[in-house]
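Below you'll find a set of structures to go through.
Two complexes follow with chain A in common, the first pairing it with chain B and the second with chain C.
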Partner chain A sequence: MSDMNQQMSAKYKNNFLKEIEEQAEMGEWVKMCMQCGVCSGSCPTNFHPGWEHPPQELFMMIRAGKRDEVLDSQSMWMCVSCYNCYVRCPRKVPITHIMHGIAEYAYRIGRAPKNQPTLHLSQTFWNNATKTGRVNEVQLTQSLYFKDGIMDGIKKAMAMQDVALGLVKAGRLNVMEAIGGGHKCKDIKGIHAMLAKAKELENQRKGRAA
Partner chain B sequence: MAKKEYAFYPGCSSQKGASASNYLVSVDSMCKTLDIKMTEIPDWNCCGASISYAEAGELPRLAMNARNFALSEQHLPGQDIVATCAACWLGSRESKERLEHNNTLMDDTNKALKEAGLNLKVIPEVRHMVEVLIEDLGYAELASHVKKPLEGMKIAGYVGCQTNRPFGIQGESFENPMYLDKLIESVGAQATKFDQKVTCCGGALAFSEPDKAQAQIKDIIEAAYDSGAEMLVTPCPLCQANTEVYQGQINKKYGTKFQLPVLYYSQLMVLAYGGSAKDAGLNGQVIRARRLEEFAGK
Partner chain C sequence: MTSVVATNQTILVVGGGIAGMTAALEAAETGKQVVLVEKNPYLGGRTVQLYRYFPKMCHPSCGLEINLRRLKANPRIQVLTMAEVTGITGDKGNYSVTVKLAPRYVNESCTACGECNKAATSEVADAFNYNLGKVKAAYLPANMAYPQRYVIDGSVVGTAEGEAIKAACKYGAVDLDMKEEVVTLNAGAIVWATGWQPYDAAKITPYRYGEFKNVITNVEFERLADPHGPTGGKIVRPSDGKEAKNVAFIQCAGSRDENHLRHCSRFCCMASLKQTRYVQEAYGDEGKSTVYYIDIRAIDRFEDFYQEVKANPNVSFVKSKVARISEDTNGDPRLWGVNTEGYVRYSEPHDLVVLAVGMEPSVKNVAIPAEVMGDSSGFVMADPSNAGIFGAGCATNALDVNRAVQSATAAALRAIQVVNQVARAEA
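What follows is the complex of A and B.
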């Protein structure tokens, strides 16, 4: 993965803005930011720790070529996908998608922060959903709790047992899903072939080795 | 023949025994009363939700949504797709928009779809259930079916994010949408002045960053109580789950005494239309809605 980082860094030399424009989803919009800061003031996570750089600051850092600082940042991983910045931006910059795009790109080239919990959630969710075509909520929750080992998982599960019991009692947690029950798509094979093709095409288009 | 027909995209959380199964139960009874026929898209798959952005990348997500479009057009040609889940609706609409505006993405998506034996030519309209209620039926029609108005009940309408932004309901503002308040009033209840109606519940980050999400949820529940509400109502399965199931944890952490029932708009409608507690899926509440249970029993 670090090879990919070096490869991309060499390809774009010192033009990090161009790298983001071509590689990150909706990255071509970064240059439209006029630094008004409405996005930062609209973000519901902006008073929490971990939020080093608000969106407009990230955009300026990209233009200033601060490649390491941007790609290694936790900031874009704080996005809750609420689209508040997106609808308020006076330049109609699709900020939510750019945050997702920068985060995805950092991950793709091996630059995402180690043990980033939202990255782990994203991986777990997508793998869970695409395994059978539909989300298995019980297995999703299990893999999230047990990501840091069995002891930590038991501790987390114990802390959450009231929540889980409440859901079981309300008929909203299907324990059969733990052993592979629950709903799934019929054409799982077709879905997997389709996704493999989509991934291949996307890598081709972005000039990334598969 | 039913008055209205749609291709139904119920979404992962709606399945029997899943986190929003009570939503589906109430939508089924509501549609029966309103003579709306919803035919499930055969073999529909997950939309990817927002949170899959990092692992999935763009084209695989588009392909997943395109598969639903293709299946819908193949089996239910000409019908609008209706989603009950905010994330399903957003994921599908976003995909539709991108595919219709970008030929390269459309071509690549069709190459991927071919692997699943499908082809996409026309993308159906993608709508949220509340759009169908408001735009195709209208508040007056919705009110005309009320047999038992929810008189005297004070309810905070929690719209949340993804049924409101970035697409939203036509004619509504992002900052202060009124449609949920109007739905509450069309069944005879009182919508309180609730200043956190479009605040984010933390979404998927309730899993990965629980402290941050729970801080947001606390503000939402507190504001609902401050507005004089005795329950919260929402159109989104994740808003519903997040604001309901973490109240106990928030009470432990902050010393609050929250015990606020969180319902779906469709549950209120079923009860006002004379349905039973079971028809409305009230047995699916983690925090029991006692007042509504009594109301349904009368």
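What follows is the complex of A and C.
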């Protein structure tokens, strides 16, 4: 396990709830859950086998100090950000944000599951978008399709060709973007400075060293 | 013109439900003059719309009869029905109150013989039965209505039907020329007992109330179970009249929810537990109830009632706030969610779904035509700045009948102290 993970584990010895409250985005809301279960029932990933722990179970596990089970779980990575849970929560707990907060924290301390597809998508998207300040959809799609090898990528591309053609016809996809870096925003340096500042502020707020 | 005898030693009670009636009676029985104002054409409020009370499962008509007898025996109470308070000026010990009286189109000569009802042909919504049925335009609003007088709906005034209704009355009790009146009266203290209304279930959109006919509210279920109700006491579902033998109760429908009512409405757990008994009594072992709950709050001394229901093999409990309701092709409402005991997903069809909707104040404190302190839900709070206005019953909090009566007695005592000060009987 990573150093960061061991550090955190030592710092919050036997108090995983406090660890989540201080380290994960919106983690301070976890204790507000009253275990009604409306979030889990409202989740569109309903009956999906990957969703091993529904949100309110995850919250209860945090309170019960089940650190390893929570951090190694695939569950928070399965959130599709539909916000149904957040809208219906009788306590207005920002469940969607907490799911991403826990996932991000698990990643930050090196506990994210290996080959997690959501993690791969997030990283790819982030790198793609922050490089030039614009999302290059052709290259983003390519890197996602071909992540499991060339043959698999071609298969996926063939299956999706009708959608792609439709997008091209509607002027929503420019194939020329595949060549070179694609279109950029005017002030890339400015974007990078802004992102760096945002990270600094977030670290400050959570009381972390940059 | 309606004449009201009132002075600054009079206690005005606003609302003639169980709390208002109690406050009026308690005050009058100590010798005070009381004016009781009620919006409906009859007294008794939401209490008389119940089939039975918990925990003793007795009928509200019993308690109401006792109170009505006390009322009839007491010359110090003047009752104004179909009346609403529209303005309050002045201060503790000397209020001036304007009251708007809607026309009943029937005067004191009415003997409740029912001939006007036979003469009426058009129908209007049956408010007493939560609009589950219709009544004729000349109707007795409730079986035990006090005053025991018919009401004629304004829609027939000036029509041939109205004239026929008038002609049918042998006692000259029908007066279609009645107009809305506004009277001003004096009062030393005011007891505000405007009660509650069920939370509008249509606002809880995932439950599709109003869209799915077999999703009803707990107050409607009371009317279904009542032999005097629209189905003659048969628990059948509204869509097709099929016997509802598999009934789901959804607790906290609107209550304890930041998106709806912030407070716990307190009575709904007990109401649903009570209603499982209606199902059991109607269908015996075939009558199955399922209660979906966050946690059961059988407040106060009612834990044994809960344990009794829990021991019944025909009643099951699922710890879950239902996420949504869909409808099967045969009209069965289907409940979706996760049972948090074991985190098991379910998708269960039922014959009928009863939403245990919560209480909200029927007149929020900000809607009262005087400065009255209220909490975040609009319930009247006890506060010295309210001066001579005292909340009672469900206007002050979500209460069951028993607690509403206690609250009303307390409010009556405070009002009595104010008028005693006016009369210099108390320091």
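Some points to look at:
We take it that the second predicted complex is superposed on the first by the 192 of 210 C-alpha atoms of A that agree within 3 Å, B and C clash if a C-alpha of one lies under 4 Å from a C-alpha of the other, contacts with A are read in each partner's own complex, and residues count from 1 in each chain.
Assume contacts are C-beta pairs under 8 Å (C-beta built on N, C-alpha and C of every residue); 3 or more make two chains touch, one makes a residue touch a chain.
The shown structure was predicted, so the numbers you read here are calculated from the model rather than taken from an experiment.
Looking at the shared chain after the overlay, A:53 reaches chain C, while chain B stays out of its contact range.
In the superposed model, B is the one of chain B and chain C that contacts more residues of chain A. Touch criterion met: A:118 reaches chain B, while chain C stays clear of it.
Once the two complexes are laid over each other on the shared chain, residue contacts for A:158 go to neither chain B nor chain C.
Once chain A of one complex is fitted onto chain A of the other, the partner contacts of A:32 are absent, as it touches neither chain B nor chain C.
Of the two partner chains placed by superposition, only chain C is touched by A:92; chain B is not. After overlaying the two complexes on the shared chain, residue contacts for A:64 are found with neither chain B nor chain C.
Of the two partner chains, chain B is the only one that A:191 touches; chain C does not reach it. 87-88 are the residues of chain A that lie in the contact sets of both chain B and chain C, per the superposition on chain A. Residues 25, 44-45, 48, 50, 78, 80-84, 86-88, 96, 100-101, 103-104, 107-108, 112, 117-123, 125-127, 129-130, 133-135, 137, 141, 144, 159-160, 162-163, 166-167, 169-174, 176-177, 182-183, 185-187, 190-191, 193-199, 201-202, 205 of chain A are the ones touching chain B in the complex. Taken in their complex, chain B has these residues touching chain A: 12-13, 15-22, 43-46, 48-60, 62-64, 67, 104, 108-109, 111-118, 161-162, 165-166, 168, 174, 199-200, 202-205, 207-209, 212-213, 215-216, 245-246, 248-249, 283-287.
Residues of chain A that touch chain C in their complex: 34-38, 40-42, 46-47, 53-54, 56-57, 87-92. The part of chain C that touches chain A in the complex is made up of residues 206, 252, 256-260, 294, 319-324, 336-340, 343, 345.
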